[in-house]
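Two complexes come next, and they have one chain in common, chain A, joined by chain B in the first and chain C in the second.
Showing the complex of A and B:
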């Protein structure tokens, strides 16, 4: 196979894959721009005859929708922040200290990442119920943190690994204690890794459905993903276009964040993969 | 690039009181988790403002010794005293030493000015005082135009000067250099070598300089410490080390081109080499098996002597080094005048000057007197 044919096949595979993910999104865009009457025309009206932004206007002026959106931002941001705060000292220790059982411990941390929340959600529910923490944002944030910590530890550890220990030694000789060194040298230099971990956790939290769905029931506490699901379940086809608009508004922040910061994320993930 | 480092104006230029502290190492041992100790009980006394170079092959413990003195490693046993005070229990921050690292270790997120000021600010010097001191150091190191640059935008030589600026600005009690020139190109290395030495002459501070480059050791040191396998092989002035190496290891390590060695037996009348060649006996009471060591300047071309064939010439300008192949000694280096009338393949005789010969015990490698 000539390189040219290989390139073409690569592009073809890329296009197929992109179509697989883009089609539902485009379908959502199409639906969200239609009038209620056009919704029934299905695929025949992929490009609406009279595109309207009314659906978005209706969604964005709805007070409840704003609350759901805010709830989602709050849960994700605090969950992501908590995960990064908890993961940072662990990552520092993993990067800088040698101790017995470090290898198995790091693999163990990664294995936690492989446990789906689905598997532990029932014991988790009973557990939080016993603690009286159901119906509380705090419990959801705590679970988001727990979900985010393993990946964050690894990501931030790799970030720390790329910082030469000589910089910390130079700072020690310059008169810094360990806390000073961490605050003034190591953390500022690990900022790309910290930011990437935060953003990845935000995105993971944003797409989280099961945890808030099980742990929260009061309407005013729900994040956007659960609220949309509840709305879809309780409404008829006449509100499909509104649902589509709501979904888009819910998806766009995560997409925007990822697109804007993908370089940063890729750099953090790739750090240490090649010799710097 | 020709860089001239001027001493900071604030430092007293002709003050007789020493700037630096004395340093004393007593039975210093550093053992890492596995293997033999990295530093196996070394003793060293340094006078204030002395310039000592630790030299030795990779893994000989020289960098570990420096890191122990800096407080970056904890000694397994033994004492480190700075200015007569035991500092084993003090962290790097408390020891008031400055260090220039091999890879410079500049803080990449700070400007040159912030890099130099960092240590001062951490030690509670006011912003205004720090600014003045940094400006002074920058002037001394010709860094004034680079003050707002980030380390990533600097060349190797500039980084090196910033690292030096960061060290000198604090007026530390001890200056530690960990192979600071090994990342520079040959020409800049030569310039910086001179400048570090000149700097030390103008602003004397007790200085410990680690290198694996024996030329750096010879040219810079007041005293050279040759290390091998965690121990000190020899301490002495560069000429003492060169002229009277205490062991075959030191003789081999110091001096370029290297000393030539040959085993033989010493009797009252002659030194007989392995292949039966008899040389005049050097003046020594020792008798029996010996290892003969000859530096390139201890051999000269003559009409009689060891038959040799010229293998190659290395013209260095001021002199020419010639590698001769001999039956008696194997390959030997000889220093010749700049333009010898010789071509590779030529044959001749080499006459050893036995008054300049070195003798070592073949078993222990120790010098025989």
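Showing the complex of A and C:
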């Protein structure tokens, strides 16, 4: 097989794969732009003849969907921020100091990442019920934060590992104290690692369903992922185009964030999977 | 600085958060599993009733079979798909082909879609209504429609397809990184010796990537076992119990049947499987570290 034939086959396979992965999203867009009458035409009307933005207008002017989106942004942003803040000191200590029990501690943190939120949500529901903290965004943020902490510790530690300690030592000789060194030198240099941990946590939080579904029931508090599940439960074949629009509304912010920050995200997945 | 007790101060926030949200609840799940508590009623006594009711339940063999099948099919397909795309990308990069970055972006885009949305999207694609995407396409080209979601065997297949569409990107990234770390000299030497591409794949690529494949297998298995939102939105576990996997069963048991004892007993099983796989993962990582 000549390289040129190989190249053609590579392009062919690439196009088939791209189509396979793109098709579900394109179908979603197609449905969301149709009138109910065109939905019934199925694949024959892949490109709507009379495309309409009415479905989006109906979803977005509902008011409730704006609230769901805002709730999702708020929950996952604060959860992600909390995880990074909590993880950073531990990551710094793990990167810079050697001490007894460090190995088991880091392995323990890694193991927590493998515990399904499903296992802990059962007792958490009971605690929060007793404390009267169900229906509270604060509780959900705290759980998101905890879910994000293990991966954040590892990602940020890898980031700190790449900063030469010599830089810190030089600053210490110049009379900076440890807090100054951290704030002025180490943390700014670790910004890419902090950012990728934050973004990865955001994406995980955006996808979260179980935690808010269990801990929140009041409609005005739900994030978008739970809202579209409830919406799907109340929709029927005649409202498929609205469900498609709602799904798209739920998916587009995550896609946009991903497209803008792809480089950071890919690096974070690699660092997370191939640790050390 | 070493040996200083103050070092643990750096870890205090992490330990408090993980202790409160993970460690204490895990201990409590194990305690609940031996109790007669329901979701809202406190513990009044301890015993093995939860285990007896959960593990003696007629539905459990079906659930475990579903879980095994779903996990096996997903893990094999996720990795095959991830490996295929990764190798394609590496070849494209090497030959300077156009559009490889675009392909990677498209595959990764599916990965950021929330599981619930993923289930709903595939429900619209596989809908058995006359206007469902796949079935209306089949009809356009003159083929008979398929009962994607109402036939038990097909429903399982549909759940796996949805899961693989969304999840392949993770394996792709892991394998892409691993493949690029393989020393190109190996391939050059093999080419000089006249090894065919198939031989190179079998005797260089696969052995060199063995570690990555093993690690990825474990990570993907844990992820697959622990998630159920795609299935919940796609089939709700049906038809009947055809796609009800262990995690979905625990969720239904606790939050719809209020059977906290039984749900906790099964959660302990899920936890035990995850932790065992994690230990294997750690053993693999450490062996790699010492080599």
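Keep in mind that, in the parts below, the second predicted complex is superposed on the first by the 244 of 276 C-alpha atoms of A that agree within 3 Å, B and C clash if a C-alpha of one lies under 4 Å from a C-alpha of the other, contacts with A are read in each partner's own complex, and residues count from 1 in each chain.
Keep in mind that, in the parts below, contacts are C-beta pairs under 8 Å (C-beta built on N, C-alpha and C of every residue); 3 or more make two chains touch, one makes a residue touch a chain.
Keep in mind that this is a model prediction, so the values were computed, not measured.
K.L.:
Once both complexes are superposed via chain A, do chain B and chain C end up clashing or fitting?
P.N.:
After superposition on chain A, chain B vs chain C: fit, no clash.
K.L.:
Which partner does A:111 reach: the first (chain B), the second (chain C), both, or neither?
P.N.:
In the superposed model, A:111 contacts chain C only, not chain B.
K.L.:
Considering only touches as defined above, state whether A:21 meets chain B (first), chain C (second), both or neither.
P.N.:
In the superposed model, A:21 contacts chain C only, not chain B.
K.L.:
Give the label of whichever partner, chain B or chain C, reaches more residues of chain A.
P.N.:
C
K.L.:
Mind checking the angle chain B, chain A, chain C on Cα centres after superposing, to the nearest 10 degrees?
P.N.:
Computed from the C-alpha centres, it is 100 degrees.
K.L.:
Give one of first, second, both or neither to describe whether A:60 is in contact with chain B, with chain C, with both, or with none.
P.N.:
It touches nothing on chain B or chain C.
K.L.:
Now for A:264: first (chain B), second (chain C), both, or neither, which partner does it touch?
P.N.:
Touch partners of A:264: none, neither chain B nor chain C.
K.L.:
Once chain A of both complexes is superposed, is A:210 in touch with chain B (first), chain C (second), both, or neither?
P.N.:
In the superposed model, A:210 contacts chain C only, not chain B.
K.L.:
Could you say whether A:172 touches chain B, chain C, both of them, or neither, answering first, second, both or neither?
P.N.:
first
K.L.:
For A:189, select first, second, both or neither according to whether it touches chain B, chain C, the two together, or no partner.
P.N.:
first
K.L.:
To be precise, I mean the smallest distance between any C-alpha of chain B and any C-alpha of chain C in the superposed model; what is it in Å?
P.N.:
Least C-alpha distance: 9 Å.
K.L.:
Where on chain A do the contacts with chain B and the contacts with chain C coincide?
P.N.:
Of chain A, no residue contacts chain B in one complex and chain C in the other.
K.L.:
Which chain A residues qualify as touching chain C in the complex?
P.N.:
Of all residues in chain A, those touching chain C are 1, 3, 6-7, 10-11, 13-14, 17-18, 20-22, 24-25, 27-28, 31, 39-44, 85-87, 89-90, 92-93, 97-100, 105, 107, 109-112, 114-120, 122-127, 129, 142-143, 145-147, 149-150, 153, 203, 206-210, 214, 225-226, 228-229, 232, 237, 240, 243-244, 247, 250-251, 254-255, 257-259, 262, 265-266, 269-270, 273-276.
K.L.:
Please output the residues of chain A touching chain B within their complex, sorted ascending.
P.N.:
Touch list, chain A to chain B: 164, 166-167, 169-177, 180, 185, 188-189.
K.L.:
For chain C, which residues are in contact with chain A within the complex?
P.N.:
Per the touch definition, chain C meets chain A at residues 1-4, 7, 10-11, 13-14, 17-18, 20-26, 28-29, 32, 39-40, 84-85, 88, 91-92, 95, 97, 99-100, 102-110, 112-117, 120-125, 127, 129-133, 135-137, 139-140, 165, 170, 173-174, 177-178, 197, 212, 215-216, 219, 222, 225-229, 232-233, 247, 250-251, 254-255, 260, 263-264, 267, 270-271, 274-275, 277-278, 282, 285, 289.
K.L.:
Chain A touches which residues of chain B in the complex?
P.N.:
Touching chain A from chain B are residues 70-72, 91-93, 97-99, 101-103, 105-109, 118-119, 122-123, 166.
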